[in-house]
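After this come two complexes, each holding subunit A, first together with subunit B and then together with subunit C.
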Partner chain A sequence: MTASLLWKRIWRHKIFYLFMLPGVIWFFLFSYVPLYGIQVAFRDFRFTGGFTGSPWAGLKYFHQFFDYYQSKEIIRNTILISGMKLCIGFLTPIVLAILLNEVRNVAFKKTVQTLSYLPYFVSWVVVVTLMQRLLSQYGGPVNNFLESIGLVNEPIQFLNNTSWFYQMIIGSDIWKNIGWNSIIYIAAIAGIDQQQYEAAKIDGAGRFKQIWHITLPGIRNIAVILFILATGSLMSAGYEQLLLLNGPATASIGSVLDVHVINAGIGSGRLSYAAAVGLFQSVIALILILTVNRVARKVSDVSLF
Partner chain B sequence: MWNKKRTTVSSMVALTLVGGMLAGCSDNGNNGGSAGNAGNGGNTSTNNGGSSETASNKEVTIKILHNWNGSGAGDVDMTPIANAIKEKTGVTVKFDYTKGSEVEKVNTIFATQDLPDVYTGPAWGGELDGIIKAANEDQLVDISDKLDKYPNLAKEIAKENVPPALYDKAIGAFGDKKYMLYQNQPASEKDANDWLYGFYVRKDIAGKIGIDPQSVHTKDDLYNFLKKIKDANLQENGMPVFPLGGFSNGWAVGIGNTMFYGSDYIDKGDGTLEHTFMSKQYEDYTLYYRKLISEGLLDPETFTQTDPIAKEKINQGRIAVLAAHYPAILDASKDYVKAHPGTDFVPVGPLERAGAEENRPVDLGIQGNNVTVITKKNKNVDASLKLLDFLASDEGFKLVHYGVEGVHYDMVDGKPVAKKDFFDKFNADATGKAKKNEGFGIGFESMTGLDRTNTLGGDIWADQERIAAMDNARKILRPNGISVISAYAPGDVLAKSPEYESLKPSMDQIGDVWKQAVFAKSDEAALKIINDLRNQMKKTGYEDAMKYTNENLKGKEVVTLQMPN
Partner chain C sequence: MKKRLISPFDVLNYIVLALLGFSMIYPFIYILVYSLNDGKDSMMGALYFFPRKFTFDNYAQVFDNPKIWAAYKITLMRTLLGTFLSVFLSTMMAYALSKKTLPGRTFFTFYIFLPTIFSAGFIPYFITLQKLHLINTFWVYVIPSLFSFMHIVIIRTFLQGIPEELEESARIDGYGDFQIFTRIILPLSGPVLATIGLFVGVAHWNDWFTGAYYVSNKDLIPVQTLLQQMLTEAEALSNAAQQASQNGGQTINVNMAGSTPESLRMALLVIAVFPILCVYPFLQRFFVKGTMIGSVKG
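Here is the complex of A and B:
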């Protein structure tokens, strides 16, 4: 299509383009304009100089990060925690969506669905406070229950304990997000042609075979797209949750990049350093998305772009 | 026709959306501006046209950030004290308060340029570093050429009234320029305020285990004392009683450090100093606390709990020994003690002090507690200085601390005496709101210049039981009295070393690393955590920075013994 034809088409549908304009402006203002702030990572940020007037510092802050004695540990922790969240947290909404699809009682199905996505709206501060109260080894109801049924002799220290840290982090993340993340899969399943199920039933396929041969292939494309997007957050383990749930007892396995950036930037006023670490996170995320997208395109013909 | 109408309506809706969004965006910008203006007194900038010279006789509004976590306003907009200040100075004060970390707040306001007209906040940690950075980067108003008009302010920062190292580091560090005011340093020895930091045990629990708290002196005594409490298996409402606990984020369970080392910097033995973190004493201190944690003597939640949770534990009677300053303990345990007579907290010790002779008075690092600055956003510098000078006068000091004469207090034989109705009202109100609604404790105290509480009449609002408890604790914990430190703090000198910028991020980790080491699985693991940071400090310039510090402190009196205050 030539440029003049394109402009003619745009002009013909100008009203619709006008409706699109607020979104375009929003993205431009809040996603592209702030990109110029990236240069802070390469400057010695000064209040008076601002983003553009501060002196150049080259790669000083990147060097500082990689020279930092805990940087490897922090990167490792970040990848490990978000890797676990990616693997487990990615699969569980699919499982929930499939299970809900198999429920025939509509009222029960709706109730479970509503209850499962309500935690998504609860702030991490509240979630962590609830966890502290429920899981406390000093009079927490969970430990009391486990003791009362004779499952444990001594109360378990669920929090501030390296042995239980990952379980708590991943478990609470799943609890909070499973319902919300499953919505898109439920929608995808709803879009599958019911005749396929009927045909499968006639051919003698049971529930599991129907799931395996119809439901899963039906949501495969959506799952691949969401997986590609999720890989982008591999360098970001979630700052709110880790900031609140990680403590001195678990710092060796719970210190992650997001919290490190917040502490360095706001806590210590090292804005350039924080920007450098943040940029490092973003660059790795971009590389991951591009790589996974390419692999997905080759393997499954499904990709973002 | 219909299509035309539809097109027109659609266009209008779209334009409204775009326009609304753009207006929203521009509002953001304006908000920043208007916030700034409001901060400078909405009426002010209009009245004065931004002139900083004409404010003195006009009514202005000054926005002050009181950067002190835990401070806050009462339930009324204008308090009687704030009204009296307005009458005297023409200035209406609008306070903004900090709810989170003070250091983060300093960094945030300068980074985002969301600046108050006047900033007042702590002057002992990273906050001061942030303020010095702001001064260096031309974010603060130089008041040096105005001080001759404001004698009370000039007195606050006169060289003889500010601890020497702090003067060198902050007040007088900018040549002829002066950016900072400094407050609440005692005007005389009599005004020195000892907060009585220490370990305090519940009297009934000490009785139950049969140990006299005053017989606890050494590290081993304290350990055995806590162990005995643990072994007694005490329960409150079916929940175990922790032998040792503290307030939010572990404040201030670490004060047992004074049994291991004298101050943050110690003599290596050859007359030169090193940071205590590098010493064997620091390792001993860490391993001692590791033992407390691993044996269940120290509440493991203490380093991660919030203040409400800490206070809940105290109010449930679940803490046997509390570490903090005494006023905080008295306030936190007030309700529980009222409901359970005989459960009041009493001092443990006095405990041994590393390197101090037995009859040495307690060395208190009283260096004042507030630095106040005027930011470049302030359009009413003179009005702000007039306000601050009034607050720092005797009249202002008395107004802020005692209230309005004839309303809140009367002068009897030259001394202020609280009015009984207010005294009773304040003491009956555990929330503290009654006092705040009158204008006490909402931030003005932080700007009243040299501390003259005792010189001008004492704390007239303290109840007799509290005074008696404080006096009793003082007799026990300070048998040889107190001494106010006037020597150089090596940390202030180190902060001026060329290596400080690269070293600071490592040194900022010391507190966190100590906590991690305390929770380590073994002594070896704890020492490894410490050694890793030591190496990082060395890598980032520690040795050169200490060399600089030692050279600059040659021949000067240096703080090597200090108790928390």
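Here is the complex of A and C:
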């Protein structure tokens, strides 16, 4: 194609470039300008100087983070919490989709499905407020119920308690997301050829064999893709939930990178330091996602890119 | 007719799923019951499915509070404006990207994809918002959430399913590109626009973070941030109420009726959740389909 031909084609599409213009500008301002601004992690950022006007500081702020007495704890907490979320939060929607698929009663299935999406549509503030009230030691229905059936003698302190913290984090995460995340698997299962099940039945395969040999392989590809996507967030444990659920009482096991960045950056105004921590987080996330993507491509021929 | 056997697996399965469904809805039922019960009475506990001392007092007091009305207005405005602009502009971009003949199509797709795998992080983003003078304005709610890679891909995939012939015949009828977009493409895209509209709308409605960290002007606080403030400062409401009553105040007066800070908080929570509960069952069939399109082929 000659240059003038290309130019002609571009000119013919001029209105479409106009359509893209707001988006192109937006992505430039809100994604690429901040990328350029990553350099504040290597500078002594002063607001008047802007991204490029402040003096270089080298790796000072990275050293500051790794010398910080709690940094190991924060990294460990982050990996622990998001690792648990990754495994449990990844498996439970698959289990739900399979269980729903085994239900023959359409009305029952529809009802459970509709109810299961509900928590996804409320904010973390609402979820944590619900938890505070339901799990309260003072007249909360959960403790009331446990006491009335004689399971506990005195109310359990579920929140702000290190021995229940992880259960609360993971439990509320599952509660909020299980239904929504199962949609995709339900769709994938619906796409499986029914003849396979018929054939398996004739061969004498029971319920579990059918699930193991037909349903699970049928959703394998989509599961791999979602797993790759999820690994990208291993260094981020979900800042909304943890900002709201973590308090002084649970700080030793509940402080995570995202919250540390927000508190140090906006709370204490240490912007360069917080940017350095955030950059560390982003780089690890990128390495993780690229690694898992490569491994997945080798092992199962499924990959994102 | 063959008798259908109900296996132990079925029984267990139905029980597990019924319990799951119950756990999804019960917290909301409980909060509704709590908010409709006399606040002081609720503190005694043993409240499960029905109000013991039924009252609308909690709601009356919440609705009497001008701060809450103002917050509701902010939430409503940002949700309507933000959703409309986001859906309209995203669809325009997705429509352009759905044109297979568009020179530079791959480049632009990559241009919007890259930030999803490597982001600058929170701080450079925050500084950018400051430099753009968005901090502490109403627009910080609307502009930074206009576009998302995922939404554009979902819409693009949908648009690619619209037959080219429709556009061809419109062109023969003398329609220009923009007219084709507004008169043919948009009307045909109802389901996907409803899906994305729901996603964006719910995100706007539920966002408390922007109000808490990017806005300090008290007049710009949305409902969810108000709820978060009550959550983090457990005593905030009662303090405010005491202060208000000391100043001959107009905010919430705890002493008058049987309401407690807790029962008022629950009433506000119901108000904050209610609109979503009303909308989402109707849009369900759209978003189930919409997410599938986007994620399977995306």
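One rule holds for everything that comes next: the second predicted complex is superposed on the first by the 272 of 305 C-alpha atoms of A that agree within 3 Å, B and C clash if a C-alpha of one lies under 4 Å from a C-alpha of the other, contacts with A are read in each partner's own complex, and residues count from 1 in each chain.
The criterion applied here is as follows: a contact is a pair of C-beta atoms (placed from the backbone, for glycine too) under 8 Å apart; a residue touches a chain by one contact, two chains touch by 3 or more.
Keep in mind that what you see is a predicted model, and the values were worked out from it rather than measured.
Within the superposed three-chain model, A:Thr111 lies in touch with subunit C and out of touch with subunit B [touch as defined at top]. Between subunit B and subunit C, more residues of subunit A are touched by C. Once the two complexes are overlaid on the shared chain, A:Val295 sits clear of subunit B and of subunit C alike.
Of the two partner chains, both subunit B and subunit C are touched by A:Ile15.
Touch criterion met: A:Phe27 reaches subunit C, while subunit B stays clear of it.
In the overlay built on the shared chain, the residue A:Leu100 is in contact with subunit C alone; subunit B does not reach it. Legend: residue contacts after superposition of the two complexes on their common chain; A:Phe47 is shown touching both subunit B and subunit C.
In the superposed model, A:Tyr138 lies in contact with both subunit B and subunit C. In the superposition on chain A, A:Asp67 contacts subunit B only, with no contact to subunit C. Contacts of A:Asn160 after superposition: subunit B is touched, whereas subunit C is not reached. In the three-chain superposition model, subunit A touches both subunit B and subunit C at residues 15, 19, 22, 26, 29, 47, 132, 138-139, 265-266, 271. Partner subunit A is touched in their complex by these residues of subunit C: 7, 9-10, 13-14, 16-18, 20-21, 23-25, 27-28, 30-31, 34, 42-48, 89-90, 92-93, 95-97, 99, 101-104, 108, 111-112, 114-115, 117-128, 130-132, 143-144, 146-147, 152, 176-178, 181, 202, 205-209, 213, 224, 227-228, 230-232, 262, 265-266, 269, 272-273, 276-277, 280-281, 284, 288, 291-292, 295-296. Put simply, subunit B touches subunit A in their complex at residues 7, 10-11, 14-15, 17-18, 21-22, 25, 101, 103-104, 106-108, 110-111, 113, 126, 129-130, 133-134, 137-139, 238-240, 300-301, 303-304, 309, 318, 502, 504-505, 508, 512, 515-516, 518-519, 532-533, 535-536, 539. Only residues 15, 18-19, 21-22, 25-26, 29, 46-48, 64, 67-70, 132, 136, 138-139, 157, 159-160, 247-249, 251-252, 264-271, 273 of subunit A touch subunit B when the two sit together in their complex. The touching residues of subunit A, counted against subunit C in their complex, run 6, 9-10, 13, 15-17, 19-20, 22-24, 26-27, 29-38, 40-41, 45, 47, 50-51, 96, 99-100, 102-103, 108, 111-112, 114-119, 121-126, 128-130, 132-134, 138-141, 144-145, 148, 175, 178-179, 183-184, 187-188, 207, 222, 232, 240, 244, 258, 261-262, 265-266, 271, 274-275, 278-279, 281-282, 285-286, 289.
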